[in-house]
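Next come two complexes built around subunit A: one with subunit B, the other with subunit C.
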Partner chain A sequence: MSPDLERALDRISRVRGVRGSMYVAADDGIVVARLLMETVNGKAVAALAASLARKVEGAAAATGAGRVRFLQMDAADGTLLIAPAPRDLLVVTLADPRVNVGLCRFEMMRAAEAAA
Partner chain B sequence: MSEDIRALSAVLAADPASLVYVDLAEALRRRGDLDQALRVANGGLARHPEHADGFDCLGRIHAGRDDLPRAREAWGRALAVAPDHLGALRGMGFALYRAGDARGALAVLERALAGHPADDGARRALGTVRRALGMESAVRPADRPVEQGARVAVETAVPAPPSPAVVPATAPGAPSVAAAGAAASAAAGAAAELPPVFRGFEGATADILLFDDRGLVVAGGLGGADGVDVSALAAAGLAGVSSEAGRTAQYLALGAWTAIVAEADRANLVLAPVGPGALLLVRRDRGVPVGLALRMAERAQATASAWLARQDA
Partner chain C sequence: MTTTVVEPWTKRPLTGYVAQSSARLVVVMTPAGQVLAQHGFARAVDLMGVAALGAAIIASSGALADLVGEATFGALFHAGQRHGIHLAACHMPRGSLVILTVFGRETSIGLVEFFFDEFAAALRAAAPADRERGPVLAENFEAELGQSLASLFGR
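Right after this comes the complex of A and B.
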């Protein structure tokens, strides 16, 4: 992992409630770089996040909303955050349900820029 | 219905090679017993591997299980045997549309109507697809039989599989959504309007959409950038997002998903479940803060939930 990407993931992971974050190839859901708690299945998170992002991208186009810049899925026991990044990557973060989404978003956008 | 199933079961037990397996599978499907319907259909098709009606029925069963790839495969096999099979053509149109391939659905439904010009279901489905594609006229004059032209209804639902009677069952536990959807379709046919569930909300009929988990519009509406109604197309696509979110939440042990927020170039979208089988989309301009959009969605969600409960009462 390049130092820039490592630093970017580290910043995200310092947000309270974040269980892990990673760079994922948008096309095939393969993990490119990751920083996760041991309990998090990185491959599963990556594959599912990429698939969800594709679905939402298609649906957003159908609604006329245009290209998706940030995606947040809230669930009872966790939050999945996805930010598209350059070079066909996604920045993906798995966090607790009450995580500070605004702070996560800020760090994820920085991480997306770091991938350029 | 139960007596029909008993009688059909008896006939099939007496003659396992009978083609009555299709009627039995269909009766089971309509009753919502999709697993048993699937077993009966597969059993019959094992004996009659070239039976187009059997594959058509199998397609509807898979669609009822929300397994569109298998539904599409089944309808494809029916069409390989009988290229003009009306049920399979309509089913294939439905599957393609749900998969986001409106052009493909258009071609198949035009083929259905060309072969069966009096079929009202194919005509309505074709009209819906044309509107979703932004075609100028929902139903071309040439498609209308003279005696039925005046009755062509404007509706905003996605094309339904083969016939209203064989629309795949809504998810178990969501009868209110099915009923509301039927009411909405009826209202659409009668007055070209959906129920005014969100009256008083900003964008009540252009930015708020209530639909079911099969992608059928129930209430509200969604306008496209050029003013064309995109409710049906959006509902079809968003139903796929819902099932993907459910799968993601389940695999990652996140519990039930409660909302999806997408910040996009031109708008922010909030998608949320409204009880079993129903979903809500709220679209707000990009300039509206996400937190505010979420609060608006919560209000709309409560309103939709109360409305659905009234439909069920």
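Right after this comes the complex of A and C.
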């Protein structure tokens, strides 16, 4: 993993409640770089997050909302956060439901910049 | 789109895999290219060609793995403009099967690979217990091949 990407993922993982974060290829849904807790199935999260991001992009385009900048999915047992990044990548973070989303988003935006 | 099978135990895992992965074409075959189940093919000639080529790719990548000191390679993936293919072996109690998946832009290699793992596990769970297989005899070969094609294409 490139040191810049590694540092960016490390910063996200320092946010309390984060279970893991990854760079995912947006078109392919495969993991490019990751820093995950052992219990997280990175392959599954990457594939499903990329699929979700693509569907939301389609919905945003269809409604004239423009480019998607950030995606947040709150569920009973976890939160999935997705930020588009340059080079057709996504920054994907899986966290506890009570995670500080603002701080996560800030670090994820920095991670997206690191991929440029 | 039609799903047809020669081995009935492959049908439920295959239909589940197709529904989940949004694959367009799927072939389940032996490493020799004998088709056990398929989804999405309308013509026998296309299916037989794809099966033969898929089996050949798996055989040559196995030989390449051997040359570089690997026991086996994982899945092969080729991306095109409109279609991608995923080709992988699935290890079963009675030997390996080869599974070729063709998918379009409506899904992704990540999803196909994720659901492929579940498909392989479902096939292993559904496979009948090990049994003695009779030798393939020249006099039966033509009839068995014809029977397989009839099962797959109903003619």
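Note that in this section the second predicted complex is superposed on the first by the 116 of 116 C-alpha atoms of A that agree within 3 Å, B and C clash if a C-alpha of one lies under 4 Å from a C-alpha of the other, contacts with A are read in each partner's own complex, and residues count from 1 in each chain.
Note that in this section contacts are C-beta pairs under 8 Å (C-beta built on N, C-alpha and C of every residue); 3 or more make two chains touch, one makes a residue touch a chain.
Quick caveat: nothing in here was measured; it's all calculated off a predicted structure.
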{"item": "Simultaneous placement of subunit C and subunit B on subunit A, clash or fit", "value": "fit"}
{"item": "Touching partner for A:44 - first (subunit B), second (subunit C), both, neither", "value": "both"}
{"item": "Touched partner set for A:17, first subunit B, second subunit C, both or neither", "value": "neither"}
{"item": "Partner chain in contact with A:94 - subunit B first, subunit C second, else both or neither", "value": "first"}
{"item": "Subunit B versus subunit C as contact partner of A:52, first or second or both or neither", "value": "first"}
{"item": "Partner with the higher number of touched subunit A residues, subunit C or subunit B", "value": "B"}
{"item": "First, second, both or neither for A:75, with subunit B first and subunit C second", "value": "first"}
{"item": "Partner chain in contact with A:62 - subunit B first, subunit C second, else both or neither", "value": "first"}
{"item": "First, second, both or neither for A:28, with subunit B first and subunit C second", "value": "second"}
{"item": "Smallest distance from any CA atom of subunit C to any CA atom of subunit B, in Å, after fitting", "value": "5"}
{"item": "Common ground on subunit A, meaning residues reached by subunit C in one complex and by subunit B in the other", "value": "44, 48, 51"}
{"item": "Complex interface listing, subunit B residues touching subunit A", "value": "100, 222-225, 230, 233-234, 236-238, 240-241, 244-245, 247-249, 251-269, 281, 283"}
{"item": "Subunit A - residues contacting subunit C, complex", "value": "24-25, 27-30, 43-44, 46-48, 50-51, 54"}
{"item": "Interfacial residue positions of subunit C with respect to subunit A in the complex", "value": "79, 107-111, 113-114, 117"}
{"item": "Residues of subunit A touching subunit B in the complex", "value": "41, 44-45, 48-49, 51-52, 55-56, 58-60, 62-80, 94"}
